[in-house]
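We call the chains A, B, C, D, E and F, going by the order they appear; numbering starts again at 1 in every chain.
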């Protein structure tokens, strides 16, 4: 079994990284037990690394009308449409954990229209996928439909911004051939005792 | 959590089915420990059921130049392109088991170009996905490329026929809202002791 | 004038075929005056041949809410969208005969939206073409629209299943370079005395 | 059987038309035995009518490196891609007559890649279909490929200009719901005694 | 800085042209101060030149329910969708002049849905872009929507015919690599004293 | 003339903003003579604002193998493909200034394949547009082609990252209905004395 196309951009040695980046990577390793490859790949460019994770955290860790599981649903649905292996597998794991649901990530990735989600969540994903694929056609009718499901303006911004941020993230992962860590595949599939 | 759209076509009671179909269903239940939903959904139409599984078995259980794992890769890659939840999840499980590889199915489903497969397998999937999406452009150059990877005419027929059969299968699963059984999600993810 | 790309898969000699397949081929020759090429091409694989025609007959020869001409309209409209020369020309001939209408097949093949058909038939073809091109988006609204035109659940299954079966058939014909017999072009174009 | 959508733009009475247009229509009727609907529909706008047919004649009736049958092949292939019922059926008839070939028009309309044409004609149609669908990507490589098949600059202009002119024609026919005359369907299908 | 791909079709010398064409070119030079390249490129084929400009003038210079600025909006929006550099830049200049608005052309070219236009004009451009991209789906509902904005049948014909004519024009400009004259870029951007 | 759809997200009052954001906005106003709307729209979310501009500056203001004009070409070409009015018009102005070329931005926006750029720049934009539209198909062949034009790995990362960042930016601008300031349209069109 061969690795498809040698890694395009070699990851820098952790010891060679600026202190703040090295600290963040060690912290995630401490917490997760491994270093997700996105940290190593993007560390090649410290300034972009810092901006990327600052943006990520601003969108994914905030409070608001969307639950954390719902934010991850947006990541998984739009990343699947963009055929981004890293994002679907890594964020699929996070979605399973946040939703405490071992099957939801695969359902949302393959065809969210048939996933076991609420009509409100389906409307959220309809819009997220539209922003991802054809934001130039986003219309006032889309806003009205979302408001009809109880989303307010800040929620709508969140949906759009998460879809937009992962439009960036998916492209970087695909171009750099970012490979999901093997650990992600099983995370959240079996209930913890 | 709601079920998306009530089941569109109610499955018939197993007891009401013709003997041969009932026997096949009980046999698969005996072997797998559960009845995959495709058997129940298609049993509504006994003649179509018989033709469907005869076709399936003729393509998937035969000997030939493609391994059984490779046949399942074709199913997973083309079904993912068609956003068929049932086929990706059910055949993803079979692929993991046949390939004895817990991560291969998710990789192939999301972006087979980046999966841990051989160049020959990638050429196979390039052609399968082309047959699935735009068979009208299949050309002599495609045949030559496959022969360059060691595939003979029977192998090429197999690749095309599996992609074609699941073009049918994906459409029936999507229209009938066929839901993958929960059992499939974990199959093949952990090595058996 | 050259034949485009030498025949990709040579047809087997009729005498070499299993008895049941040979009998079916001779019967169709007896009835039609010629052997449609689909029989010869698919006979290369007897098990697939049997499943293919069993499936075909189960869908196309049954009784039900769709007339036989309407079933053929579905074949012609979806096969045209898939640019399948064999299926459009062969089933176009059958459609002309079943509908006793010498112009209907060409109209449906080129743009069914402008064919001389009823609004109910147009709704049927709208759904068939959707199943053929993007079954993953088939929705409860589609079912409701069809019911509004008087189609019941069995009719809807028939429409979807015919579109799905010819998704398979079109792909096999395109990959094998199946050539329509010259006899098909004129069938049904002039009223029999 | 209903006519799909009442005729959108009523044809003017022939007697009410300017003399030159009336004469042209009577001449075509004299020659063909019927008045093709394109003449009646476009006569609503005399100046556009004159420009349309002047353009048409400049491209289709001229001498040059393309035979008249080849010019009609371009019309049929590109009009089929645009799902223009009028142009495919009317020019399909002319193609059959000019090529003295009763099956060529249906083959070219459904999938020209599999029609009984020469490699040079296939290259011509590849370019014509590209001009029709995505002229913005026409490149110097396309010109080189055509020259490799013996086309000179005037031939290339002709191919492009015919594809471009019928891009206009197809859109007018589709918007006005132009219906092909019943006479076209049989023309050229049986050899004249 | 290189010119992309040498000019594909050399323009004829003005002195070598038929008198009527030479006169028209000199007249436009007199009026505009330069000869727009479309005149020189198309002059290679005098008959096509005459038909082209006769058609153009019949559509763009006529009276009717659409203002001259609105006609140019249709040209700019559809030509941008076709990525036609010559038509967007040349007709963008004319649009700025006719609308006496220095920003309207760029807005309409990039995304007319967000341009500073009226809802009626947006409906006009929605239809024009549909005719340009998928006229085969033009439906009675489209006609009803336009009538709801006050467009009558002649206006609808005009919208469709302008979109159709520039479908031709865009393809010729793209294939011939027609380059917009530098003069067009600034026209209409600053108010005349 | 109406504004299309009332502004979707009201911009916050500058006085209400965090000090660092207010300072940045005043600095850009000082330098440019106006506040580009992207600053006001994104200021609604201070953390996202900071990450957005940190990312932007890391990519657009750095040294490297791409000139600043070339970076702006990537923005303009990919933003045009995404129909993003704000980014095409604002960065088109910056491109004109950086390239000291009054026509380059419009050429690149409408069809970069026909712009007055070098073959190396065209290869750069081919890849950028591919990353923007279908990064999942980015292949080792693409990397080889870029290296053939003298781009090194850091340059390739830059091209991809700029295309990826503006994939984000275009989506936010389209969803928020961000309107380009009128000042941008004329910038860089006339040489400064």
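The working rule: a contact is a pair of C-beta atoms (placed from the backbone, for glycine too) under 8 Å apart; a residue touches a chain by one contact, two chains touch by 3 or more.
Source: prediction; values computed, not measured.
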Legend entry - Given subunit A and subunit D, the chains that contact each of them: B, C, E, F
Inset, instruction - Tell me which chain's centre, taken as the mean of its C-alpha atoms, is farthest from subunit E. - result: B
Legend entry - Centre distance in Å when subunit B and subunit E are each reduced to the mean of their C-alpha atoms: 51
Inset, instruction - Report, in whole Å, the distance between the mean C-alpha point of subunit D and the mean C-alpha point of subunit E. - result: 24
Legend entry - subunit B and subunit F: spacing of chain centres that average the CA atoms, whole Å: 44
Inset, instruction - Could you check subunit A for residues that touch two or more other chains and list them? - result: 83-84, 111, 113, 136, 139, 174
Inset, instruction - Determine which chains touch and list them pairwise. - result: A-B, A-C, A-E, A-F, B-C, B-D, B-F, C-D, C-E, D-E, D-F, E-F
Inset, instruction - Could you please specify the touching residues of subunit A with respect to subunit B in the complex? - result: 1-4, 80, 83-85, 88-89, 102-103, 106-107, 109-111, 113-119, 122, 174, 177, 179, 182, 185-186, 189-190
Inset, instruction - Show which residues of subunit E lie in contact with subunit D when the two form their complex. - result: 5, 8-9, 44-45, 47-48, 50-52, 54-55, 57-59, 82-84, 131-132, 135-136, 138-140, 143, 153, 156-157, 160-161, 163-165, 167-172, 174-176
Legend entry - Parts of subunit E lying in touch with subunit C, wherever the complex brings them together: 136-137, 139
Inset, instruction - Spell out the residues on subunit A that touch subunit C in their complex, using ranges where they run on. - result: 111, 113
